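First, the structure itself, so that you have it in front of you.
Labels run A, B, C and D following the written order; every chain starts at residue 1.
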């Protein structure tokens, strides 16, 4: 089980030696990244197979918690830790040359940090991995080397750095209160955290880590960066990195900060995010920014789902997050050459029937048309919100319904344009590259598989959620490590 | 309007923070973890400098992450600034600066290495020493704007030092321990060869940080030659 | 002791405000390194020699060096008051 | 509450964080935003070290063959601050690289102007009209700006 640390160590090692390997022999450099990611996936699968009981804690460096840093392994962590190398491999930058090597190095660093975010059980360690993900993504955001890319990346960096300072203050407050950073240890110190200062610490951490999670007040960077960066990078940031940031917030909410006010804060911010995101997407004139705003809306849904208490909340949040993890990268890949004005897409479906068909499939699932997985995700979400019963949660459910209508409007409007007759004298945009189309097809197949195996999938999500929603196994696994020696 | 919202946000933040810290008792922290490390740290790790014991032992993965962040920043910086311009004037600085740089270079290098290698005993360590090593390589650049750092050598040192840090960690894993678990003899407490693998890790950190920062500084300093002309 | 600390903190806060107010960026950068040095001094008093050393070497030294190099590259390296020229640019 | 020195130090740390964050949010110049970030980080680091301070305690460094002479301050926040300082410098260096590149591309460091040019560029890339303007952009702008910064770089 200790080998799970390889999921972080191997991509880091590969990122360090990649520039050297590329200098020794070009094919070697070309191979290092994908081979490492495949090895990482294998390590993750092995760990899942070897996982006994609900959760296992690994003491890094052999230093027992709470003194040392731990990795906490349960199925929730493994799902996301495995999604990281898989998604990275699908969106791998197959470029060549000096810049290609840098891009690949940064992508590997991003993969390592995301795996670390999924596994880490230490507050400051999470902060370090979060910063690593942030720095790598600033670099990747400039990958088109346009003036707009540099300006957007700078604004992103400043907002994110501001968030990091706020998060660091939050970490300091937690340390002031408890003198420890281990999440399991913090869970046993509830008394010291359930006070206004503990809530303030949570809010600081929420704002800090919310930047990458595209949370409402700190998401101004999203449309700029996603429009200016290449679609592959947008897909990686929207699909993967945002989910890991949400996972970190959820861990804190479930294990450490059990105050009801913390949940309400998440619900309110998520709801505002849904409203602003969906309406801005509705008004957007170009595909890239429409997808960016829609991503903000979807992440709002995820946050709302996780604000529901108990297993129902985690199950709904997990379902919405995983669905978005599959759909949004696919849509960004389809927007590879369709990223421009939506109006200009008239008739694009005639030049690329497969692309248009895939777009319709993903749009239908995103809106939540049965029997596609998106429907079940929204079903769980609405059920959970209604189950809470308080007026605030019911208002949230209402917002979800309104957002769905708005979402359906702009997505179907776009889909209809794809099949419209092109205006005389204009040329619809070219079809997407085979690589992008192939990857999108693969993701579409995953979506269809989700329809076929919806029952075992739902059972699995329920099982994972039942373990993750309960702080007892989390603490118990750390205790077992300390007592077992 | 936007400024108003920002101001409101800042005032709110200040108020919240002041309110929060008014409650704390300064100078009497709970120290749940700190106490434990002070009790078992010297035996468990064998480093006289407990901060080093925490940085490389208890929180070793943080340090690895920190190294990776510097690497990511240097890589992204190179990615952003692009290829360096090679054509430059060979104008040299004055005699005093040149001689000073020649004298400073070995001095800074030795001081930097000393600080790196004594990181487990006295204040200082890989990061502080690495900064000094980077300065050692940067000062000659100031004195001779025509000279250029060989980025290939820097990349080699950088990559190998980073790989060495992880390799030491993986070796521990291979030996049946956990990733980054210190091994080797702990040695005499407080002597130079002690604390197992910690000095080796700090050496890797120092070299990597030195190479990375030297490269970063050289890249930022590039148009300096044009201006001197 | 108290007055020393108060003086140091006031100096730091004044330097921090100066960073935001000064029109000359070279002076603002210098003020930022004053803040870092002040923090480093406080670290010494807080029995944190490692951190003080790092803050002095990295925060005050390296960071100021990086900022100064960037200033030079941006053409903001001047000792006179740049407000007039800034107006001309805009 | 009780101790005035502690209050002063807390106020200093919080003051630095708030001034720094205020500077990031309110500055209109890209370089000044980076300077403000430096201050905010220094404040956050100070706050973190304060979290581990103990009265009448020694630095967490032992000497050869001697047991600890008395209580020591908490080494953990110090280790975290070491990490945070280095992370901060890395981020600053990257931020400055981006500032340099923005200056080379746009020839301005004024936040409002940069945002304007950014919006125009994004709209131009996508081929959609700028919000609030009737003219259609002619496509992507060429990278060297109309007002070349060349004359500015040399003194």
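Convention: a contact is a pair of C-beta atoms (placed from the backbone, for glycine too) under 8 Å apart; a residue touches a chain by one contact, two chains touch by 3 or more.
All values reported here derive from a predicted model rather than from experimental measurement.
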Next on the checklist: Between B-C and A-B, which chain pair shares more contacting C-beta pairs?
Outcome noted: A-B
Checklist entry - So which chain is farthest from chain B, going by the mean of the CA atoms in each chain? => result A
Checklist entry - Distance-wise, how many Å sit between the C-alpha centres of chain A and chain C, to the nearest whole number? => result 37
Checklist entry - So how far apart, in whole Å, are chain B and chain D when each is placed at the average of its C-alpha atoms? => result 19
Item to check | Between chain A and chain B, centroid-to-centroid distance (C-alpha), Å | outcome: 30
Item to check | Junction residues of chain D - those touching two or more other chains | outcome: 5, 9, 11, 17, 20-22, 25-26, 45, 50-53, 59-61, 72-74, 76-78, 80, 82-83, 86-87, 90-91, 93-94, 96, 98-101, 153-154
Checklist entry - Tell me, which residues of chain A touch at least two other chains? => result 124, 128, 131, 135, 138-139, 142, 150, 153, 169, 175-176, 179, 181
Checklist entry - What are the residues of chain C that contact at least two other chains? => result 49-51, 54, 58, 62, 66, 70, 73
Next on the checklist: Can you work out from the touch definition every pair of chains that touches here?
Outcome noted: A-B, A-D, B-C, B-D, C-D
Checklist outcome for this item: Note: in the complex, chain D contacts chain B through residues 1-3, 5-7, 9-11, 14, 17-18, 21-22, 25-26, 50-55, 59-65, 68, 72-80, 82-83, 86-87, 90-91, 93-94, 96-98, 100-101, 153-154
Checklist outcome for this item: Within the complex, chain C is touched by chain D residues 4-5, 8-9, 11-12, 15-16, 19-20, 22-23, 26-27, 31-32, 34-36, 38-39, 42, 45-46, 49-50, 53, 57-61, 72-73, 78, 81-82, 85-86, 88-89, 92-93, 96, 99-100, 103, 108-110, 113, 147, 149, 152-155
Checklist entry - Taking the complex as given, what residues does chain B use to touch chain D? => result 3, 6-7, 9-10, 13-14, 17-18, 21-29, 31, 33-34, 37-38, 41-42, 48-51, 53-55, 58-59, 62-63, 65-66, 69-70, 72-74, 76-77, 80-81, 122-123, 127, 188-191, 209, 216, 219-220, 223, 227
Checklist entry - Where on chain A does chain B make contact in their complex? => result 2-3, 5-6, 8-9, 12-13, 15-17, 19-20, 23, 58-63, 66-69, 98-99, 102-103, 105-106, 109, 112-113, 116, 124-125, 128-129, 131-132, 135-136, 138-140, 142-143, 145, 150, 153, 169, 173, 175-182, 185, 192, 196-197, 200
Checklist entry - Along chain C, where are the residues that touch chain D in the complex? => result 1-2, 5-6, 8-9, 12-13, 16-17, 19-20, 25, 28-29, 32, 35-36, 39, 42-43, 46-51, 54-55, 58-59, 62-63, 66-67, 70-71, 73-78, 89-90
